[in-house]
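Below: one structure in structure tokens.
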Amino acid sequence: MTIYIVNPNSSQHVTEGIDHAVDPMRAASPVPIEARTLIEGPPGIETQAHVDGVVAPILAHCAKLENQASAFVVACYSDPGLAALREQSNHPVLGIAEASILTAMTLGQRFGIVSILSKSVPRHMRYVGAMGVMDRLAGDQPLELSVLELSDKTRTFERLKTVGSSLRDGVMADVLILGCAGMTAFRADLEAYLGIPVVEPCQAAAAMAIGRVALQKTR
Amino acid sequence: MTIYIVNPNSSQHVTEGIDHAVDPMRAASPVPIEARTLIEGPPGIETQAHVDGVVAPILAHCAKLENQASAFVVACYSDPGLAALREQSNHPVLGIAEASILTAMTLGQRFGIVSILSKSVPRHMRYVGAMGVMDRLAGDQPLELSVLELSDKTRTFERLKTVGSSLRDGVMADVLILGCAGMTAFRADLEAYLGIPVVEPCQAAAAMAIGRVALQKTR
Amino acid sequence: MTIYIVNPNSSQHVTEGIDHAVDPMRAASPVPIEARTLIEGPPGIETQAHVDGVVAPILAHCAKLENQASAFVVACYSDPGLAALREQSNHPVLGIAEASILTAMTLGQRFGIVSILSKSVPRHMRYVGAMGVMDRLAGDQPLELSVLELSDKTRTFERLKTVGSSLRDGVMADVLILGCAGMTAFRADLEAYLGIPVVEPCQAAAAMAIGRVALQKTR
Amino acid sequence: MTIYIVNPNSSQHVTEGIDHAVDPMRAASPVPIEARTLIEGPPGIETQAHVDGVVAPILAHCAKLENQASAFVVACYSDPGLAALREQSNHPVLGIAEASILTAMTLGQRFGIVSILSKSVPRHMRYVGAMGVMDRLAGDQPLELSVLELSDKTRTFERLKTVGSSLRDGVMADVLILGCAGMTAFRADLEAYLGIPVVEPCQAAAAMAIGRVALQKTR
Amino acid sequence: MTIYIVNPNSSQHVTEGIDHAVDPMRAASPVPIEARTLIEGPPGIETQAHVDGVVAPILAHCAKLENQASAFVVACYSDPGLAALREQSNHPVLGIAEASILTAMTLGQRFGIVSILSKSVPRHMRYVGAMGVMDRLAGDQPLELSVLELSDKTRTFERLKTVGSSLRDGVMADVLILGCAGMTAFRADLEAYLGIPVVEPCQAAAAMAIGRVALQKTR
Amino acid sequence: MTIYIVNPNSSQHVTEGIDHAVDPMRAASPVPIEARTLIEGPPGIETQAHVDGVVAPILAHCAKLENQASAFVVACYSDPGLAALREQSNHPVLGIAEASILTAMTLGQRFGIVSILSKSVPRHMRYVGAMGVMDRLAGDQPLELSVLELSDKTRTFERLKTVGSSLRDGVMADVLILGCAGMTAFRADLEAYLGIPVVEPCQAAAAMAIGRVALQKTR
């Protein structure tokens, strides 16, 4: 039985980043954790059509894994297919956006989201509204870098510092969330730089999935 | 140029009901109004997977109509693909859930939604939350009838009277919304029975689309 | 039968601006649209006493028009008398503040309001709260120009660019509303300058009124 | 200097009820308290047009009293003219709806409102929304008795017991507000019957006015 | 290193119930889980004074365990001392109310809380408000049984069935939370009876703590 | 009978500041007002542990005064023990945070809070959320001065002007609250400097207490 983390974009290096990010957690997990790439996905999920378009392949991908799964994590910050996968699967299903927000709610009182693009922000706002936690949101501000551009690490970290500072000082965020599965490498450095907790959503969701696997033992 | 109302389920009689419901509005519309069936859709949209699954065919269907369209209406009460279609099209795009809620907000202070099934309710709640109008919601209560079962008109109207009364008297709704495109035939009778405004969402969205076509003239 | 747009201030040039703003929509309207001046009103509605004071004359003005009306639009951004006129009239009644906010909610996720004066802002805040849509508001910022000062077009447009940019960049508005019936002339230019949708409220309300006239045909 | 409580309906017996209700507080007030009838008002304020229509006479009435006033209380549960009178007067201005809600917020966590008529409820909902305290509202339920019908004390108290019990048990209100200035006589008996705090709004506003007169001494 | 679950009441049988409830999770936990009784606490925490009074002993109790702790769980549904313990400890700190609510938010859209006493409800309401998740709350209804009375299992389960049904059917809750650490024994049976997920808060918090211990490995 | 204002920190000069601040109100109070120091408290209440730790001594302190009390005011901006003291006492109990927020809600539409330290802000946010008035909050910004540092009056007033201007201009607050009992001396000067109402919370609570003492006469 395995916790499957499904990266719904087809960028293998994003999946590798996720795998690397959750690697230290494997020793503490009761089951293996496996990061997978949805080869049917686009290179990066940057539009609402991308989000909606990957749902059917996610459902098919996970249906095949149902019998050997302990839990599923959808690893895109728009949580594509989260509700549908919950209807389909008998296992715990977590999305990295939801899990990171719930985690941030225990680490601070006002969370800030660092998005990749300004066009992601309205989508996030709809999601934060659907979760009913708008009063806890300090703000959502974009790097204005695409998923692929995140691989320029120097530029990305500069932007992270700028946007993170703006969220901390301008809108009084006391905890930050990296609003894309492609920023895993920067969490620790950004937290050290800013001095407030920074949540990497794949790690947050994997942690919650580990807990849920344990919780299933009580059923 | 035409206002296209796309029924994303494949039930032709639902499309016919929509066509009939908006027929009286044609005389007041500056452009033709055409109701269409998405043949790729399921017979009724009753799960989140149905909702997510029809987005890609809706987008493809509407892309082909883009050049002759004045506006699009997505005619399913989960507004599948609404955000994605807005990204894709240069024309006004309306969803029947959103349009009916915005319309109800001008006809009363607390709106009630009559759903078909209790499993629709959490999906609606996420949507009302995403719209940011939860404080205006009186309640959402199900008929516990599937899309196909709605065709038994006597039973459906009995349930509509019972659920509508419960929303009006139990949770103080002062305006009701029929939360499915398959209830068009009952609006007037239910309004007469209950004595509060009842919004049929396909009509509400078509009305708003007519207004938007007019508004486009100012651009 | 006619859609009556009632400007509750006595400034004829404001009425003329409204008339000009809705003129392109007349070809798409099933009924004539007529902009009228409430001669009993003050030159500009800038205080709460102005707002409350015009309600009785609005009601009287519209009572006389009831028999030849298809719909009424109250054309002041405080929507004076909206609830009372809805109680009085059998026709659809729209207010430009409400209609522009509902319209903006379909064009973006966070709306910004450009007010004329800072003393208008608390009044707007009460109204946005009463509508139950505070979570959708990005911010409300004033030009600090009175209704009469708006006629200096160069200065007004400079201020609109400054305040509009502040709403877009400072508080992340993705759609703007011109928060006064006296700014009709600037919508298109401001939208072109800012690159996000700008809603002129008289046009938005007239569009919605056209839709409602069509919707009445179903009754 | 005097605290003026202005009853904006013309029913002298309502004014007398208010006077009687605040009488025990006079010994604790640093200034006299005087209840006055707005003779220009309707016998009862039961529609939005009534609410808006009394604003101008309230402003005129209070303007004449400005020089001998310590504070003003508007004694109608729709708080007509509250914002306008605050703009006009240099003294503290309180409304019985606002003051009773703020008071109830210190006596319980979820307040219920007993309205006279169901048509009052949407107006109250707009007001609770404008105050931004919707999350504290348990519910608002009507007696379905007009202002004049309240004078049948037996029937009124029966209805108060029924509606109060429904608010306490059905929607979990832990504090109640009498939502009309014409129910002053029933507060103590209803509180004794229900076993939860019951706020009479004229008394609550008078109490707050006394505090504000004291607070003005620090200026 | 150990996950410490601190029961802040002095009733050893409550601690034993917690210990029993989390026992199946031990096999999946990377560290031992130990339930402890705060001997300084009252037999049951039923008033706000109880809640506030146990904070100092909780802090002292946990300070002594800081060096051998992996995480702390405060096991009372009022989460006494949660914020203070987070300030004091370098380890993850979870409260059973917060953790159960966050967990329920992934299992349904509207959570209901089963409280022991009606006087607990306002305290819970303040907490749900402080968490900013009021829009997700369906309702909070009491058993009207004290902590000690819960030990009459037949009566308690009867009340749980009645109140749980009322939350599911009357206010449309689609997930329930047992709002006291003393109801651990009833979760599975109540879930089976009601057919919707039932969250036992000590288990939910222990699960989240296990995840957090794993997450700490990434630091 | 006396209104007791209990300063739960042990800094006598803070108590003296409170006493001085409410002195002008004594002439308007029906009973004496006495400011008291909780000698068991810390010099300043700056952490959550401080807040929780003073509750038991506050309760004990007030229990001894119960028989000669008319009302109690808890004079720390975290309102420690407010709910517990309400359960314990038969008299009106007010907290300066709650009372100042309720007062500010009658003086403006969006209140800003000036905190002493950034670590106070999350605690305030929890409280504003628990009160259910988050939509009325414009912002909460810190001076970054400890309670003891407030005694450097020149520096404190400079910071108050800076932070107050930021709240007024940056987040559109139209009324300010001094978020600590140790800033009593600055209210009038800051109000004069900023041109918007500034609420000193001890005065606001004392005013409300005076009103409540009057209100008790009606029982």
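Just so it is clear, A, B, C, D, E and F label the chains in written order, and each chain counts residues from 1 on its own.
Everything that follows uses one rule, which is that a residue touches a chain if its C-beta (ideal position, glycine included) is under 8 Å from a C-beta of that chain, and two chains touch if they have at least 3 such contacts.
Keep in mind that this is a model prediction, so the values were computed, not measured.
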| item | value |
| --- | --- |
| Lowest number of touching-chain links that must be crossed from subunit B to subunit C | 1 |
| Relative to subunit E, chain with the most remote C-alpha centre | C |
| Mean-CA-position distance for subunit F and subunit D (Å) | 27 |
| Mean-CA-position distance for subunit D and subunit A (Å) | 50 |
| Geometric centre distance via CA averages, subunit F-subunit C, whole Å | 41 |
| Residues of subunit E whose C-beta touches two or more other chains | 122, 126, 129, 131-132, 134-135 |
| Full enumeration of touching chain pairs | A-B, A-C, A-E, A-F, B-C, B-D, B-E, C-D, C-F, D-E, D-F, E-F |
| List of subunit D residues in touch with subunit E within their complex | 108-110, 135, 172, 174 |
| Residues of subunit E that touch subunit A when the two form their complex | 21-22, 24-25, 27-30, 94, 98-99, 102, 105-106, 131-136, 187-188, 200, 203-204, 206-215, 217-219 |
| Subunit C - residues contacting subunit D, complex | 47-49, 51-53, 55-56, 59, 80-81, 83-84, 86-88, 122-123, 126-127, 129-132, 134 |
| Contact footprint of subunit A on subunit F as seen in their complex | 121-122, 125-126, 129, 134, 139-141 |
